[in-house]
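I have placed the structure first, in the form of structure tokens, so that the comments after it can refer back to it.
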């Protein structure tokens, strides 16, 4: 398949590009490490001074945070190119992308994965697996459902990033739109259950960060009913569909505007 | 002096062109405050006091943190200087009779003014929503602490960025570490005196608490020992000296390598 | 047969207007005034296979917009466009595989990698078979003489070398049509010459249809027989380069060097439009038809050391065309 072949080339080229600057690599790695350690220490310290937060144990809170970082890292790693989209459009490089016989959407989403996050990811996977096997001990069906929900998360994340790209085309003046996505997701470093209504529903389904980050962890902890799981999956697919529509609308606008 | 006034005026206008950009940036700030607000609300749902803070005090603290942060941390220079040095735009300034860092400091000030105007509006809105008991009593001390914080923030950023003189691809590496540390250690998302005694004392010897925590608690009328103002000013002096030295050295390398 | 057909092409778009000053900024925050720009206004032309055409016109004339419509990046406001039988803005892969767009100041190469990696990527994107790829690459590398720098990081290449690599990346799928937007911009004179030689050679060797826009008249003079001149969105000339001179240059230039210094400005001014006078030299512009008569008169009435009758420079003619001399 041509799409996979070309995407694979993009992955390889990005890897070579990453390797060409090893110190940058190291710096980012260190800062991510500092960030996670600080937040975990803070959570831990909080747990010493306050009663159970919203009915969750300290271990559960930590697990929510770990799953958050895991999903966040995977998404950032693959969709890094989205962060470079504005310069691409402004410099006119996007025209070159459009003129080629390769789907521009795939190019702009997956064209520049960032392997700095790969190191973090490996460590995280080890930590999450260990944590899960020691503290949670899920049943096999739970584990399967967890991966299903994780898949759904990636679906919604893709939809999110497509929207960001589409808005990026429509309004050239936006440069930290993707950062708004990051801030929104940062809301659910703590589980959505801690938010009061109507905020909770809002960030669970409308701006579906709760669905993305809290639900997989809840599934694994056995805290989610199958109805909610079914609803989430429907939402996931609907969001992806809508975002694709929006993208083609944006492309149409781009082609009819400006010089 | 006149030329910097003109820079200020032009930058001011420039900000309006990227209006959507700016609005999103403000949205990000509000989101961040909301996220911490909800976290604390859920913590306070099961108890009336956390580490000596009541719910009202905490909410008031966070709202004002939004304001202080808008004043201290809105600095477009941090996003631009690194890139300008590494891609050679800096040369355009070196041949002109204008101080490069002064030029950027002026632009930062213009950005701060606009941000504060918006922050006041946002705080008014959030105030109507949450009705915290806000008590503000700025003194000369708190104003001095604020000014000092603005300068420390600027200098710290430029010091971190100066690494690009020697490693042009490092436009973000070191800056990212500093930003990560600032996220947790300045007092933006929780009052630093929550921390254990030893951690709080240790922090005094870093520049971070002088950025938000000290100016903020001084502004809400809590007594701040004169010693802390001196320490804050001491950081200004140290950083000023370092930035001057490092930039002078950096510029020498820069013109020698001829990027 | 025409490979590119453009009929009554129009492309209008809106831009917003900002009033100067602080209050203007604030007003434009809430309310923006828009006005229509006619980037391309009723342009028609046809281009046959293997032609090498020059698009000229001042900045903002609509050259790039036209190229963008032809390559499918922009929808026209109205009009009919067909390139190789395709409607460009459908952006069908089958169409995209047959042309290439090169913009002088936009690069598609990976900055930190050797150019060869970008070529391989394009090979996959355009689905060029292995043996064809190898053959094309070898030919291009030889033509442009870049064998020794294929494996050097792009960021370490000079501007000229980089431009050569950009060309290879753009040509690796052997496009039938090539849109070159300012291909020589920023290059030094030697490099410009090499670039032109290459474009000419490529045109001959592969019978590729090429549209070229350039600021440098030299590019157009040397490469293109046929030129299309666009100004303010309108097509004002389409034909052979020589015809421009016949059509627009209704004047000839007479340069005289007098043998004595006693000829005054007033004496010469009677003869025609005086372009330059610095005793003993004068340059006079006269109507084409009366040129021989005036020349004879000069020889008769003045002490002449040297006299020269010539066509005006093509640059000058075009400059005059653009600076609003009315030719309608």
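Order of writing sets the labels: A, B and C. Residues in every chain begin at 1.
Here is the rule we use: a contact is a pair of C-beta atoms (placed from the backbone, for glycine too) under 8 Å apart; a residue touches a chain by one contact, two chains touch by 3 or more.
Listed by chain with UniProt protein names: A, B = ABC transporter permease; C = ABC transporter.
Remember, it's a predicted structure, so these values are computed and weren't measured experimentally.
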Exercise for the section: By CA centroids, point me to the most central chain in this structure. Expected result: A
Practice task
Would you kindly say which chain has the C-alpha centre located farthest from the C-alpha centre of chain C (ABC transporter)?
Solution key: B
Exercise for the section: Indicate the whole-number Å distance between the mean C-alpha point of chain B (ABC transporter permease) and the mean C-alpha point of chain C (ABC transporter). Expected result: 50
Handout entry: chain A (ABC transporter permease)-chain B (ABC transporter permease) separation of Cα centroids, rounded to whole Å
Key = 27
Handout entry: For chain C (ABC transporter), residues that touch 2 or more chains besides their own
Key = none
Fill in the blank from the handout: By the touch definition above, chain A (ABC transporter permease) meets two or more other chains at residues 21
Practice task
Send over the residues of chain B (ABC transporter permease) in touch with two or more other chains.
Solution key: 17, 19
Completion exercise
Counting only contacts in the complex, chain A (ABC transporter permease) reaches chain B (ABC transporter permease) at residues 21, 23-24, 27-28, 30-32, 34-35, 38-39, 42, 45-46, 49-54, 171, 173-177, 179-180, 183-184, 186-187, 189-190, 194-196, 199
Exercise for the section: Using the touch definition up top, name the residues of chain A (ABC transporter permease) that touch chain C (ABC transporter) in the complex. Expected result: 2, 5-6, 9-10, 13, 16-17, 20-21, 91-93, 95-96, 98-102, 252, 255-259
Handout entry: In the complex, chain C (ABC transporter) residues that touch chain A (ABC transporter permease)
Key = 13-14, 39, 64-65, 68, 71-75, 89, 91, 93-94, 96-97, 99-101, 103, 106-108, 110-113, 117-118, 120-122, 124-127, 153
Problem - Contacting residues of chain B (ABC transporter permease) [partner chain A (ABC transporter permease), same complex] - result: 17-21, 24-25, 27-28, 31-32, 34-35, 38-39, 41-43, 45-47, 50-51, 167, 169-170, 172-174, 176-177, 180-181, 183-185, 190, 194-196
